[in-house]
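Every chain is named by a letter (A, B and C) in the order it is written, and numbering of its residues begins at 1.
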Amino acid sequence: MTIKFEAQQEIAPNAEATLDNVRHPQYGRFLEEYVPGQVFVHPRGYTFTQAQIDNFSRTFMQCNPLHLDLEYAKVHGFDGIPASSQMVFNVILSLGVQNDSEKVIANLGYYDAQFLAPVYAGDTIRAMTKVIDRKERGADKPGIATIRTLGVNQNDKVVLQYERKLMVAYRGDRLPTTPLPKGESPEFPWQDDASVALPNGLAIALRNVPASVTGWNTYAEDFSAGDIVVHNNGRTITEEHFALTYQVGNTHPLHYDQVFSQSLSGKMSGNPIVYGGLVFAWLEGLASRDITENTVWELGFTEGYHTQPAIAGDTVSSLSRILKVEDAPAELSDVASIITIQFIGVKNLTAAAALEKHGTDLFIKENNKKALGKEKITDKIFEIERRLIIKKRQA
Amino acid sequence: MTIKFEAQQEIAPNAEATLDNVRHPQYGRFLEEYVPGQVFVHPRGYTFTQAQIDNFSRTFMQCNPLHLDLEYAKVHGFDGIPASSQMVFNVILSLGVQNDSEKVIANLGYYDAQFLAPVYAGDTIRAMTKVIDRKERGADKPGIATIRTLGVNQNDKVVLQYERKLMVAYRGDRLPTTPLPKGESPEFPWQDDASVALPNGLAIALRNVPASVTGWNTYAEDFSAGDIVVHNNGRTITEEHFALTYQVGNTHPLHYDQVFSQSLSGKMSGNPIVYGGLVFAWLEGLASRDITENTVWELGFTEGYHTQPAIAGDTVSSLSRILKVEDAPAELSDVASIITIQFIGVKNLTAAAALEKHGTDLFIKENNKKALGKEKITDKIFEIERRLIIKKRQA
Amino acid sequence: MTIKFEAQQEIAPNAEATLDNVRHPQYGRFLEEYVPGQVFVHPRGYTFTQAQIDNFSRTFMQCNPLHLDLEYAKVHGFDGIPASSQMVFNVILSLGVQNDSEKVIANLGYYDAQFLAPVYAGDTIRAMTKVIDRKERGADKPGIATIRTLGVNQNDKVVLQYERKLMVAYRGDRLPTTPLPKGESPEFPWQDDASVALPNGLAIALRNVPASVTGWNTYAEDFSAGDIVVHNNGRTITEEHFALTYQVGNTHPLHYDQVFSQSLSGKMSGNPIVYGGLVFAWLEGLASRDITENTVWELGFTEGYHTQPAIAGDTVSSLSRILKVEDAPAELSDVASIITIQFIGVKNLTAAAALEKHGTDLFIKENNKKALGKEKITDKIFEIERRLIIKKRQA
């Protein structure tokens, strides 16, 4: 279709500006705007490209070859290199920010995250959120919203679902944000008793994986409940995080707008804060060659808390504590185990120094410290429980 | 073809160096080297990859799903995700820098830019420039060169053409730069009365676009002449801009070579200046969810001026003023409007604060300020008029 | 394969942590752990993507259109855009870091690097290393290990092989690092008298390359032994290098972990050091439009030394000295020459200023300075000899 348009002529100098119709579009929601039961379909979708999948893995220092080496992925029965669970989580959470959390004061926690199907290059993921609960604490005080978010691919398959709690400001006299479209709420396909779609050939493939390019000491048999694995290297986060925030689709100005950050008061004021999903991804990458290199699927995680913010210049490191090792179910039972790991992030000291300084207190949830008469650990930036399917060693 | 080469042997220690044949290749041109009528074919072509298209959109915070979501692009009749107009402009301008402007003191303005066909992954774009005019102002004073540049794809289709004015130093006694190859000037396929090649199915597609992933309040009907839209978020530019300059192919050391920047005097001295095309792209991205989210084509822009430089650490924000809303021609008339927008960039204050501080003076061209007895606004970094095809809301 | 897993339950608060089983996985090797004759297969492979190939070329300012322009690559008989030699070298060296050099104090030199086949998007490269020699200098003194590394593609074709010398710390009483798997050493397919696999159509293609997008003054005939070419632009390296280290797969914390860097003493302490392979790549990119723009193959390099480290904020520039120009062998003889170049990098002054300041001393190897009674040049950061196949000008 070829169309001729009139040549563009300059207009502005002859069109006097007035301030009669000024508008300031606002996104996110204030506390009163979270209505339990309401469902948001988030703007924009995210087409995963081979480039973004690969770039995410390398930026966040992933060492599991499943996300780096096509030949390895194919030998394990995957259709191509799957996006890492960290990438899938970052993108789906970010797609929701414009509606869910662009007015949010703090992300309080991640719960019950479940990865339900692989995401490959070419897949387009869209996200939706349902408001589960809203707790007010009086006018002008921030309250707590509980939401569930899920991501679906172009074939309407749910690939990830999770719950989070948000601390949200009371709107009070401020102008309302951009309202939702009117009409019926769309269906929200959260699965209460979800199954995971793994590659068909995975169990057979795991019996026949040839001598390989992973370490020989990160198989399921190498881990026992009670083990603590100290991950040696740290990563100094640079201002790269400003751009990475938008790379995964997160629109919150707290992460890239210095003028906004300086307008805040309290813990979040000053320099842009690193988006928590990125912090989690770096911590995981730093741990990956010690602990998740032979992982074939991340089932999910829960009780995830960013206990301190990170900014550009901070160096982050991580530790893993093995909580449970059990056989995988069904046809995976003799080729893989399910391993549950408590995963801890610290900043600006090595993981070894953190363990020496704080001992086993590192593994007590910060929210439980007060009840136990313990001090909070300000070196600690993150805590979560992860559950993974890890290969057994084959003869 | 398998060839055996002799083994490499070290040579240098036995080959004494002399200074008899030293050369310093120079690129760009000085004022006297711009000859009206002359045509340059620029070195190198640029193969657009899906990765670069996607990465550009995400780096510059694009919110129009046409550039992010493959399913959305296909539903609109596009063959794949098209490169954003900002990317096409940045690449074609940059391809010309080595010849056109690597010796240039300042880019004075962009005029009459017209996007004539989509660019997709796999397309290879090459650029050429014709010198239109040269204004000297006496020996040793910089003069003004007017040039036209266009980008053609591998099928010889012009995808973008525009004019710019450059402030160029007088060569005087300095050595001439790398000369052009001898021989006839190539043909320069500038189109005076250009048509735009849009996807064949676009008009029908726009009648049938399903409930979608754009905001519901950024359709053509939501804009009227006189509206001012203040874009809420800013973006702090980091030193990432050094690398981004070369990502789009721009070779001017002003943007990435601190030693060069410190050798300069005046406004451009000190830290590397952000390449203006990148500034425009960020400003546009920040505006996109408020104003261009439902755009299906950018027709072009004119009267574009970078009125202040930006450096790493600066935070940029933008405002849009609607100048004109008219029906699109031909088969697009009932599904889309042509909207002309005056687009303004500011730095180191929010767009809202800039509007409060400067009022409607923000919308007076800086070059006209003196004649009107107005002060220039140093908070303002950019001004341009853009013309876009934006979807009408379908029942 | 669809599997139902039990819902994840929080475990940590009821599983008291103990310090009974703490481990600190360590990688790399200490001097005693290098055993001549031993072969390591390095963990992980690296699947080259079109995106990474393109991104590397643009990040490091490559101007040879072979790595930027698909139409140009195809006209020259290549199957697609080949990865630049710099990228192939960076990736293969990096794949070896976890075993070879993550405990290394310094990389002493590169020798006898030979590029033996193109690497394209979709190729997966794995690397292996053989220990050639180990020189001890007494307990607690660092010694020197000589290793050979090679990269093979998914069809078992060697694409690059090279030798390097490493300065390695004596292990002494420290804990041993992660041991190698037991069992027979794998075969190590180093080729002593290697042939290069070039595209079949290359010789014919070079006779018929149409008017093109390279400069007209960088053909083989434009270079003579004794020429010195001063490359005009520098590149200020930013903290981008932290992330680029892992983009190419290098795991050494010296390059991205500020806490680690600050724990060191001596020349390497303080800010993270730029991984030398990246420095080489930037220097080469800065030279490329003056000297390697019409290169069709890099045969290899030898005697490469990083004579000073670079950190974020440093600006690097380069110079080339032509050492030898000879006809290419076999069917390439009338279409291309083999050109050997001494290639020098400097920091924080222009290449022109370095030549003015140091004259021909710039071209004396730093290791030879003492014997010649010369001072070392601390402005100089890199020296190497490169050997390239460069097109002759066709009528």
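Note that in this section a residue touches a chain if its C-beta (ideal position, glycine included) is under 8 Å from a C-beta of that chain, and two chains touch if they have at least 3 such contacts.
Source: prediction; values computed, not measured.
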| item | value |
| --- | --- |
| Angle of the C-alpha superposing rotation, subunit B to subunit C, to the nearest 5 degrees | 120 |
| Same-site or different-site touching of subunit A by its copy subunit B, using the half cut | different |
| Separation of mean Cα positions, subunit B and subunit A [Å, integer] | 34 |
| Contacts with 2+ other chains: residues of subunit C | 49-51, 55, 239-240 |
| Footprint of subunit A on subunit B - complex, ascending | 49-51, 54-55, 58-59, 61, 63, 65, 68-72, 81, 112, 114, 193-200, 202-203, 213-217, 224-236, 238-240, 289-290, 293, 299-303, 313, 315, 317, 321, 323-324, 329-332, 338, 340, 342, 348-350, 352, 355, 359-360, 362-365, 368, 385, 387 |
| Residues of subunit C defined as touching subunit A within the complex | 1-5, 7-8, 10-13, 15-27, 41-47, 49-52, 55, 98, 122, 124, 126, 154, 178, 181, 239-240, 242-243, 246-247, 249, 251, 253, 256-260, 263, 272 |
